[in-house]
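In what comes next, chain A is part of two complexes: it sits with chain B in the first one and with chain C in the second one.
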Partner chain A sequence: MSSNYLSGKEIRAIAKENKKVMKRLEAYKYRKADESEYLTQMRDSSNILEIDSLHTYFFTEQGVVKAVNGVSFDVPQNATVGVVGESGCGKSVTSMSVMRLLQGPTGQIYSGEIRFKSKDKDGVEKVYDIAKMPMDDIHKIRGNQIAMIFQEPMTSLNPVFTIGQQLDEVTFIHNPDASKEEAKAKSIEMLNLVGIAMPERVYGAFPHELSGGMRQRVMISMALASNPRLIIADEPTTALDVTIQAQILDLLRDLKTKIDGSIMLITHDLGIIAEMADYVVVMYAGRVIEKGTVEEIFHNPMHPYTIGLQKSKPTLSSDSDTLFNIPGNVPNPINMPNYCYFKERCSRCVHKCSGDYPEMVQVSPTHFVACHLYNEE
Partner chain B sequence: MAEEKITEQFDTEAILEVRNLRKCFPLKKTLTGKVTQELVAVDNVSFKLKRGETLGIVGESGCGKTTLGRTILKLHQSNGGQIIFDGQDITDLKSSQMRDIRKKMQIIFQDPYSSLPPRSTVGGILSEPVEVHKIVPKSEIKSYVLDLMEKCGLRDYYYERYPHEFSGGQRQRICIARALSVNPELVICDEPVSALDVSIQAQIINLLKELQQKLNLTYVFISHDLSVVKFISDKIGVMYLGSMVEFGSKEDIFSNPLHPYTQALFSAIPQPDPDIKMNRIILSGDIPSPANPPKGCRFHTRCPKATDKCKEVTPEYKDYGNGHCAACHLLG
Partner chain C sequence: MFKYILKRLVMSVFILLGVSMIIYFLIRLMPVDFIQDKINAINQGGATVSEETVNAMYEMYGLGDNSFWGILKGYFSWLSALARFDLGTSFVYGIPVADVIFEHMGVSFAIALIATIFEFLIAIPLGITAATHQYSFRDYLVTVLVMVGISLPSFFFGQMLKDFFALKLGWFPASGLVDATASYTGLSLFGDYLRHVFLPILTIVILSIGPRMRMTRTNMLEVMNSDYIRTARAKGLKESVVINKHAFRNTLIPLVTSLAGLLPSLFSGAIITEQVFDLPGIGNIALDAMNRGDIPFIMGYNMFLALLSVIGVLLADLMYGIVDPRVKLE
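Let's turn to the complex of A and B:
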């Protein structure tokens, strides 16, 4: 158990190495660049977002945490993609990378591409590689084309400003010419859209005066204020009660058809995924282990982890006496092994599993799984 | 003498009986200390629990389920009603008299990250209650604790380690071991799995079930997750704004929910199957503030079936056969 602690010498060596890499990545992040440098092409024109072998690392004192280690998936237009996994599997970091909200200099996109099809006011479509965009240009997309709904409605609103001031700000930032009246009208329209009764009163209220469900509605209306093409909802209902959760999910479903956009829904609750998503991405320890349509994942799960995850959740309809459980814990994110990350917890482990990390295997046009059991060679 | 008489009437089969329990928290006081406004966190709750059974208490946040658990343990002094534990009325016992009884009733808290002292080792955490309550002679404490750790799925070399070295699931195992170290009969589990991941959740729930069978424990399992409650409980109580709206055996509650709130609560849970498209009852509005609860039936502001009577008269909590109780006017 000596590996739990590092010696001073080791820590200094890690810090030196990290500093070098972080300096390079920070300089790249804040460089001045021409638009042509990050213009690119989509692989499939029906997608709105394509993430391609994304690596997001955190350079900590204990070593490099590979929070996202080669994640690839697509978000098609007008579809809901659910990203599911346990805490620490990198689902939130993936969304933060798309929004470029990683806390620097520790958190950095190390490599990979995030292609996003944006559409400016004149309707011209351009494909940007978000991972290569300099921070000065990111406002072309962030909050405007891609909006995010955070997990904690209690802490993501500013307590010292009224709801109205915070909503108007969104309009002013993305449309500097707007007058005060226009901004207010727009904000009230947005509050109406998310089903808040008495929007005029809420417009003048402070966040502490609202309940959790109302605050989450305000957050959603803020995300919608600039007509985004993609909404990233990071555990939007985790902090809410079940009856309020049902209201918010109902609202999100409604809005998707109204605004004609896509949703990337991040959650750990398989029930929410089954209900909301068209496509599902299952993540484990920073990697995608299985992805497919919602029917494929729920009716024909292939990866032992996906199967275990579904069996270990007690449901209202099941009547078994003991729950299936996956033994052990999620592995330590520093110094990940070379072989399959799930090997130690897997009940169907074969000899091959000690070898290299399994490649993605395609089992149907939309269904992919990363497991040696399905690798035919 | 009078006390003796009452004790004889108590049901000997029941390990825990709660009668019309009430707990208020003062909100406003005058200068002289007189309470002018209070929040009724637990209002008129009654139930009976047999030895070896599990009672699941569900409800949304702020409905008083945690306060109920703490009041039963007398971590809060109740403001009315009776708590009868093991044939003894413990409602008005002094804390010195409670000491012996505390040994028999323990609690597992929700957050395993903040409920363990960061400066003592696992061995220290687990030995302290054993030492205080003199469960085994001093020389045998260590072997007793190691035995207990094994029961709860903790390795013996964890004895010298500190809580921060463990993951959430492991810490919850330490909390469970600590609660069980004094051989309790009743364990109150206050949302023991809600801070954990799904795969770890299953491990802890299975552990709790296994220990119950081995040690013949009685659980009061407080949770907001209905599917977990269904899995572990024999009896279920549904709470809304401080009062019990429905109570019954698991089979009764799930096959035939009587109260509209219970029905809405069941339909609100997302099912992990894309083919099930439920006919959802979506409740409008938020939970009213417990400091200022609505008149009449407390649920009438959100109830889809509310009538004029519901707005005026508080419904009576009645037995509708087989111990299945509910409080709703619509049931007649």
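Let's turn to the complex of A and C:
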């Protein structure tokens, strides 16, 4: 295919355009701003996080990659929201946007709102628009109100510091006056909480002396040490074996009730979603294509992609030797067409599918789907 | 740990033996003949030297037999003298080689030490800013300037500095280590030394910042893109703490170990720079010895550097064990 080939002239034009936009967005990111600039209101007060038509772009040499292209979903208080989709569909980029951890200057939040209901030490609730927060103020919520667990426990801990040093740091961030002993006591308490057998020994150990499961537990304890209101778990069990997976998931479920917070669980494993989540968001090529409660998505999937995903799950009951798969690949994220991104792979294509990208259709109070099949008009 | 060091030291002995043998054979095969040059000089003075005297001189200096067995014999006699801690007598200077080395090493070592300290002090912060502001104006500026520094040859750049600062502006003396016309003592003598070594040090620092800065930048970039830096940011740490503590501590690993590897270069002298500024450093002396076929000196000097290299590599490995907790020395 020749669409990947770019002439020198085109590359220069792209670079020039990118530079302009990146410069503007970087300046916006590092500006000094008064709190009033990013204070906002929640649409529904029972939510803790509302993502509203979020666009996160990567300005690459080949063109603008719209990794997240208008994603909207809510995370209600005390709920677990599962975000599913195949690799490269933008689930991790969505979570990185919420944490404002995108690698600048190429990765930028282009537009959209990320409203988060924060609660400071005195219990005062304020709603911040994370997408508009300047980087200088991001510590108000990052690692403090929202904590994140990453998918690679093997490389997510700094190899040259002990577990204790890295855990104590969290205490010191939130309580700079804490003494060394207090920090250590808190860290050991956290290690106990995540079920580490010899917390005293692990406290003094270096990351390379621990197994993958232990490291992920340490990562979770690190995320919990700040009493977050929202935990973002980005494929927390992908790198672990199945028995450890189950233990880590049990741990997360227990902790959610203990800390009385919400979890945004990112995974491509439908089994984990079925077990853990209250709500499910299905993403495809940077867009949400279906969202609803876990029962709705599993018992009444509506989007052909979601149906395909359900079918491709391996089951013990079926007699078939081969696993169902959805034909084709995820489209190239540069220069996306303005029709349904799933059109080329869809088995239920209708005439309307060649038209504009389908709008979200509400099929029940909680169930939404972006497909022309369910569009009445 | 102790066992490891002991094992390495025993291995070093064999390495040094091999190195000395190779160097000795190479020097003996070099087309430079100290005796012939000496006789030519006498002949030019008008006197004639008889055949017997010439042969006697070759025998005296131990260079009579240039066959393989003759060279091997020469090597072993050098080695047996070394076993008695005797590096032999320099052909050119007529005093023990060890004395020549120690006499001239001071200047070279002082210059190299000061230059290395400045090199690290300047290159590391530059490398870090270039990495943390990748592809920014600052990054390009630093990279270009440093590239210019790498590309300048020392004989050219040193000469330029000399022409401008010493000859044109007259701020610094052009050559030598002391002002021969004045008789300084104490502190003012020290000040005079400093004035003389300033330009050589400046030359070396500017030319050596480049590689060190590039190395810091590359390491820092690699570290900044790693998962644990993302974790540190996600924890809510300030960017300055992320860079100066979490990232820098990891960048330090290759830097500290490369520092140990610099050991021989501290003593080897900067041959070309010393020549440009006419400093009585060991690099200058060594080049001269090479040109004149001063076999005992070349052997002594090169073995001294070989020993330092072996120790430097051992130190670098030991440093790894200290700065990187993942490395265990067995």
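Details
Note that in this section the second predicted complex is superposed on the first by the 374 of 377 C-alpha atoms of A that agree within 3 Å, B and C clash if a C-alpha of one lies under 4 Å from a C-alpha of the other, contacts with A are read in each partner's own complex, and residues count from 1 in each chain.
In this section, a residue touches a chain if its C-beta (ideal position, glycine included) is under 8 Å from a C-beta of that chain, and two chains touch if they have at least 3 such contacts.
As the structure is a prediction and not an experimental result, all values here were calculated from the model.
On the shared subunit chain A, the superposed partners chain B and chain C are arranged side by side without overlap. Judged by the touch definition given at the top, the superposed model places A:211 against chain B, while chain C stays out of reach.
Once the two complexes are overlaid on the shared chain, A:354 sits clear of chain B and of chain C alike. By the document's definition of touching, neither partner reaches A:364: not chain B, not chain C. Once chain A of one complex is fitted onto chain A of the other, the partner contacts of A:335 are absent, as it touches neither chain B nor chain C. Once the two complexes are overlaid on the shared chain, A:156 sits against chain C while remaining clear of chain B. In the superposition on chain A, contact is made by A:147 with chain C only, not with chain B. Contacts of A:300 after superposition on the shared chain: neither chain B nor chain C is touched. Put simply, more of the residues of chain A are touched by B, taking chain B and chain C as the two choices.
By the document's definition of touching, of the two partners only chain C reaches A:103; chain B does not. Of all Cα pairs linking chain B with chain C in the superposition, the shortest spans 11 Å.
The touching residues of chain C, when paired with chain A in their complex, are 135, 225-228, 230-239, 246, 249-250, 253, 323-326.
Contact residues of chain A toward chain C in the complex are 99, 101, 103, 105, 135, 139, 142-144, 147-148, 150, 152, 155-161, 169-170, 173-174, 206, 208, 219, 222, 226.
Only residues 60-61, 157, 165, 167, 169-170, 197-203, 205-206, 209, 224, 226-228, 230-231, 254, 264-274, 276, 280, 282-284, 286-287, 302 of chain B touch chain A when the two sit together in their complex. On the side of chain A, the complex with chain B involves touching residues 1, 4, 86-87, 211, 213-214, 241-247, 249-250, 268-275, 294-295, 298-299, 308-310, 312-317, 322-327, 329-330.
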